[in-house]
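Letters A, B, C and D mark the chains as written, and numbering starts fresh at 1 in each.
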Amino acid sequence: MEPPEFTLTAGPTMASHRVLQALGSPIIFDYDPVFLEHFRDTERKLAEVMRTDGDVVLMQGEAVLGLEAAARGLVRPGLRALNLVSGVYAAWFGDWLRAYGADVIEHTVPYDEAIDTADVARLLDDNDGIELVALVHSETPSGVENPLAEIGPLAHRHGALMLADIVSSLAGADVRIDDWHVDLAVAGPQKCLAGPPGMSLISVSERAWQAMADNPTAPRGSFLSLLDWKHTWIDGGRVAFPYTPSVSDVNGVNAALSEVLDSGGVDASVARHALAARATRAGVRGLGLELWPKSDDYAANCVTAVRAPEGIDIPSTLLHIRDRYGVMLSGGYGDLKEKLFRLGHMGPASRSLNPLVAVGAFGRGLADLGADVNVGAGTEAVLAVLSEAHAGEAARA
Amino acid sequence: MEPPEFTLTAGPTMASHRVLQALGSPIIFDYDPVFLEHFRDTERKLAEVMRTDGDVVLMQGEAVLGLEAAARGLVRPGLRALNLVSGVYAAWFGDWLRAYGADVIEHTVPYDEAIDTADVARLLDDNDGIELVALVHSETPSGVENPLAEIGPLAHRHGALMLADIVSSLAGADVRIDDWHVDLAVAGPQKCLAGPPGMSLISVSERAWQAMADNPTAPRGSFLSLLDWKHTWIDGGRVAFPYTPSVSDVNGVNAALSEVLDSGGVDASVARHALAARATRAGVRGLGLELWPKSDDYAANCVTAVRAPEGIDIPSTLLHIRDRYGVMLSGGYGDLKEKLFRLGHMGPASRSLNPLVAVGAFGRGLADLGADVNVGAGTEAVLAVLSEAHAGEAARA
Amino acid sequence: MEPPEFTLTAGPTMASHRVLQALGSPIIFDYDPVFLEHFRDTERKLAEVMRTDGDVVLMQGEAVLGLEAAARGLVRPGLRALNLVSGVYAAWFGDWLRAYGADVIEHTVPYDEAIDTADVARLLDDNDGIELVALVHSETPSGVENPLAEIGPLAHRHGALMLADIVSSLAGADVRIDDWHVDLAVAGPQKCLAGPPGMSLISVSERAWQAMADNPTAPRGSFLSLLDWKHTWIDGGRVAFPYTPSVSDVNGVNAALSEVLDSGGVDASVARHALAARATRAGVRGLGLELWPKSDDYAANCVTAVRAPEGIDIPSTLLHIRDRYGVMLSGGYGDLKEKLFRLGHMGPASRSLNPLVAVGAFGRGLADLGADVNVGAGTEAVLAVLSEAHAGEAARA
Amino acid sequence: MEPPEFTLTAGPTMASHRVLQALGSPIIFDYDPVFLEHFRDTERKLAEVMRTDGDVVLMQGEAVLGLEAAARGLVRPGLRALNLVSGVYAAWFGDWLRAYGADVIEHTVPYDEAIDTADVARLLDDNDGIELVALVHSETPSGVENPLAEIGPLAHRHGALMLADIVSSLAGADVRIDDWHVDLAVAGPQKCLAGPPGMSLISVSERAWQAMADNPTAPRGSFLSLLDWKHTWIDGGRVAFPYTPSVSDVNGVNAALSEVLDSGGVDASVARHALAARATRAGVRGLGLELWPKSDDYAANCVTAVRAPEGIDIPSTLLHIRDRYGVMLSGGYGDLKEKLFRLGHMGPASRSLNPLVAVGAFGRGLADLGADVNVGAGTEAVLAVLSEAHAGEAARA
């Protein structure tokens, strides 16, 4: 079997040729002066994309590692935490918070809705002494985006640390670590950055460092330790690593960050993802199908989730589309596995006519299997949005 | 400015990752035993794709070099040649034949039609002693394919050498050098093979070698000399080159040939190009536009040529499409420059939903500029053909 | 500053073009059927290189992650462990064993000596109920190799689990997981395999799985959990991952393993590393310098450690050699930082005349800085060993 | 059989990773605006490396094509030419001059000597009306460099056109097209530029263009035509090509030129090649062997030619060295095939300790086969020269 021509999934997503070339660059010693400087340069670029003047940490291991490291670092037994759940990943995160001993208040909304800031305000008012608020900015499994821009400052005003999963939002949605008072955020390179799927990209505020330093159960001398990175790398003057970094992954992440910064910057990247998402939603509606998020107000920029039509088997549909049209899409994940399809538009998949390919393959594939879809209306709608944007700039940025 | 996301032109066309990796492989000495064997292996694969047991020659320089070498090698002053013209390249070739001293009978049909075999039969009957018949199998500038399968044997029966330009047909259309008695054929790697645009791939029959050997004006001791390759390389046992081959181009051509042979073979490659062409033609008709070739019977598999709608400026339309949608298409060429658009479907561009991208970008771009096109019908038609093919095999082979 | 031409360090080491191309291959969805099969294929190749019919696990994160996962998985409070220390890494590992609650007997020899099997036998006889024996097969920081072939079976006969750090020995030294009764071994791809420095390659015996399953403190639901891989991936039929694997790293590791298997197999790889090590030692002695390991009997195949001459500053010497000759070598590590130089000969660095480059750059660089070394004798000695091997096969395999 | 680890030949030579990545970059349409500008950028960089404000032409096909194009373009029947022969290529060039009808005065010196400017001055004085002087700047087959810096101006003062083969000297030796009044020069990318071996890089002065325009036998409408490039490309405003350029080769050449310009510029490149040549000559003498050029004053920077010791068979020696040590060197070429070995130090092969590898493999390989060589003295001498250069800058630039 051959790989698909188009990978338009919920991630890992297609990487650009520039990123692939960086991944394939010669491997040098991690203590070579060129690599040390390259590592620092990667940190600087990450901070720029995250819009923070604070520390960033590049840990090796996909974002789940970073999230576990964050949770273990911040949570001491008895910590009072507010976990905001609008999807699969946030629910999973709550399990971790509890496992490490936190006293968790969990606020859950249906997975096709976003968290309402007013609810968070009420909860913070009603529950004294919340020390940590946890939020998934963009729930990749359901294509729902939460209002981190509002919840971050709110948590801050209540004296709580704000911990955000920005795995699939960084570079695809507006993310402002410092302005929004996000104390610890974890991003993944394999989503909207379209880098390799092997690292955790983390921002840490001074308050978060302090909380970890004060936490006797925070990992130390462990691959899961953020503090090891602070002590050995940051405080040591950025000349020694606690663990051997993956030279090739760092090369790839640097290229992915550089690509965002060189192609019009973060705003242009966000605008391009938003346009692709809008075009894809229009296409799905044109096909006559129903989006998963109840409102476009919180439909995510990274993936478009679609309710599976009645009687359609998701796995066999995905294989049919891949087999006949060479296009790989995603199904659901976790609790939503049987309920939805996901069309990804992250990184290169957000450029040019990739949304047309996603909607065309999806619609035609469903039609092949007997679903009642209007293929022509769907594909026409994608193109109409891309055209109306009058946005060669955005489409090509 | 950034490169386009999709290059769906009349060639050079997009190369696969495998071909690109081969092009980027380490350069070694041309007389290294590994390269010598690699060169021979490339010849064997080329012969297999060309379906010949005869000699093949890999000359460096795009196919124009090979065509000039062929014409100069075969044409001696006074040679009686029949040049069959249904397009720009054949007309150009006639100039060469005359320049080198041939006595040329030129049979020309309108550029939106193919040569009729019956006319050729009549011409051969009516004109005694034709020594050379020249035909462009697939006219890339106008997307018209000529019946080489019939004309080759016909020429052979009349004792004439058959010289064929198969630059854009090899691997995209049926080509059978030996069965069809083609004495000298020149292919380009940058069309349906989707290799690098830097070589001429040539087959030479024993009769053609003899004709060159007997021709005192055939180039010798020249970069244009086929005989140099015969004397130094072939007759010398394939251990010494007359000129330094381009190691990287040979690597790329080998990979392109291997890809055809490994992905179902030549027949699968031809079927895939035919399907992409059919889907593209259906899409263009769905848009409400007119194809350039008067009949689908001879519409080429490599590119689909479309008559430019009234009032549409071709160059600015192409730039608009590239700018807004990230898709590069082709306009006309030579005498046809002002008359048509060309949507390429060669190599990777013939796979998966690339025809949808071509038709979508083309239709939507024309609509943006005021043309009366039905974008939804066009894109729907592309997908309908690809679906009806029931041909995951063909689409993905 | 430009990267060095030669990276002849203790790792990460230079990767071959084949590995680099694999790292730079298109990134596809981790649940694409092609990737799922590629992942399984990587496991099969790893098992072949490790010479085991048991399970292997590919975790993401450099080998320290795998070692921590192994220690946390196997060690329950009160476990009786024998830690054998002949170098920096084994000492570090002892800290982990104690941190997780093991009751550790630590047997330490000077870091320029290897563990003596007789001592281990005596310790196992004298201390009833040892449940775990831990050994670093090849101490990269000091270039000393320990007799795992003898200690593994010994531990087995005493009913203890054998845990081995084979990070820098796999593919460079003889490693036989099943024959030697190694219950849990952790290798790194960035050493003799010369792959990317981002994964842990782990073998787990049935007894080791059982011990983890029986251990209530073994990580579960954690990036550090081996059991998560067993439950989700292995027991689930190898169709679902507990965590997103790094597609690019897996591509690189697969290529590195394939390269070993395709180039004569594991034995040829080991022979080539042994030859490079022998040539390097001869060269260092020819220079008039002293090797760190007291005996060649246990000098490692991966790096050659050399005692720093009196009065020579290691960091500035390394920078001088890099600056003037374009060759990056390693200094010491941990407690040995100020005491020795290390010349790496792993992966591509073990091929061809790379040992000559290492010895030449090292000797000439020391001479530049005033050390009394015989450059000609050193370089001559390297070549004499390579020549005497009469081993085109080994040198090139 | 596997490729060698080191290709230290007379060219094609090893390319850098940067050049390889450029060769493996996506292929786009030759009329894409990005490629058009990239082509012009390549011309500008070539002109800078050639130190000319005049026109440059990038023809596809190895340098022999460019030389043939130059000779055919400039030579009309009866043209009075002075051909200066100190090696194989110049002799070959004389055959061409005569074949195209020139009235040739040929001045030949032994192939281990350089042309003496005084002889040229005398010949120009003694032979009225010389219209063309032809010189090979650097004879790759014998490693001899001729005084183009003196002969160019001399020819100019006598009113003759100066035609120079700078195939293997550009970027390795001082070349100043405008200052030295070189009217037509042809360089190859696969020598000291270390690019792909598929193009001819040509400078043309106004006088040379005029001579071609006035020459009725200059190729027109031919792949060999420089005038076609002038008329279609240059005079047309650099928007249309006479022939399809090889997108991948142009990418590679651009990268190779950029690398020279970015790594300290042309002077640094020349200094590095000179240093490598000096080190290699010292090494060869240290081995106890005899250089081919009678004087170091004219030993070339690109390759070091060495007289084969008595009783040594060149081809089997080369294979032995390649087989046992993984190093590919060159033998002789043409008339010198049986007489000498050549150690290349071009491009990456001139960097770092590649000269040590060349001398070490060569010396040890000869010793293996019974030659009387002092391996230690040879390798020591290479390193001594590199060290004495006190030239981290030069060695690494």
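We take it that contacts are C-beta pairs under 8 Å (C-beta built on N, C-alpha and C of every residue); 3 or more make two chains touch, one makes a residue touch a chain.
Nothing here was measured: the structure is a model prediction, and the numbers come from that model.
Q: Starting from the Cα centroid of subunit B, hunt down the chain whose centroid lies farthest away.
A: If we average the C-alpha coordinates per chain, C ends up farthest from subunit B.
Q: Looking only at C-beta pairs that count as contacts, which pair of chains has more of them, A-D or A-C?
A: Taking the two pairs in turn, the one with more contacts turns out to be A-C.
Q: Between subunit A and subunit C, what is the separation of their C-alpha centroids in Å?
A: Averaging C-alpha atoms per chain gives centres 34 Å apart.
Q: Using mean CA coordinates as chain centres, what's the gap between subunit C and subunit D in Å?
A: 45
Q: How many angstrom lie between the centres of subunit A and subunit D, each centre taken as the mean Cα position?
A: Between these chains, centre-to-centre, one finds 53 Å.
Q: For subunit D, write out the residues touching at least two other chains, lowest number first.
A: 2, 4, 21, 24-26
Q: Which stretch or stretches of subunit C touch subunit A in the complex?
A: Touching subunit A: residues 1-4, 7, 9, 11-15, 20-21, 23-35, 37, 60-62, 64-65, 68, 95-96, 99, 190, 196-198, 221-224, 243-249, 252, 319, 322, 328, 330 of subunit C.
Q: For the complex, give me every residue of subunit A touching subunit D.
A: 17, 21, 24-26
Q: For the complex, which residues does subunit C have touching subunit D?
A: Touching subunit D from subunit C are residues 2, 4-6, 263, 323-327, 348, 351-354, 356-357, 360-361, 363-364, 367-368, 375-377, 379-380, 382-384, 386-387, 391-392, 395-396.
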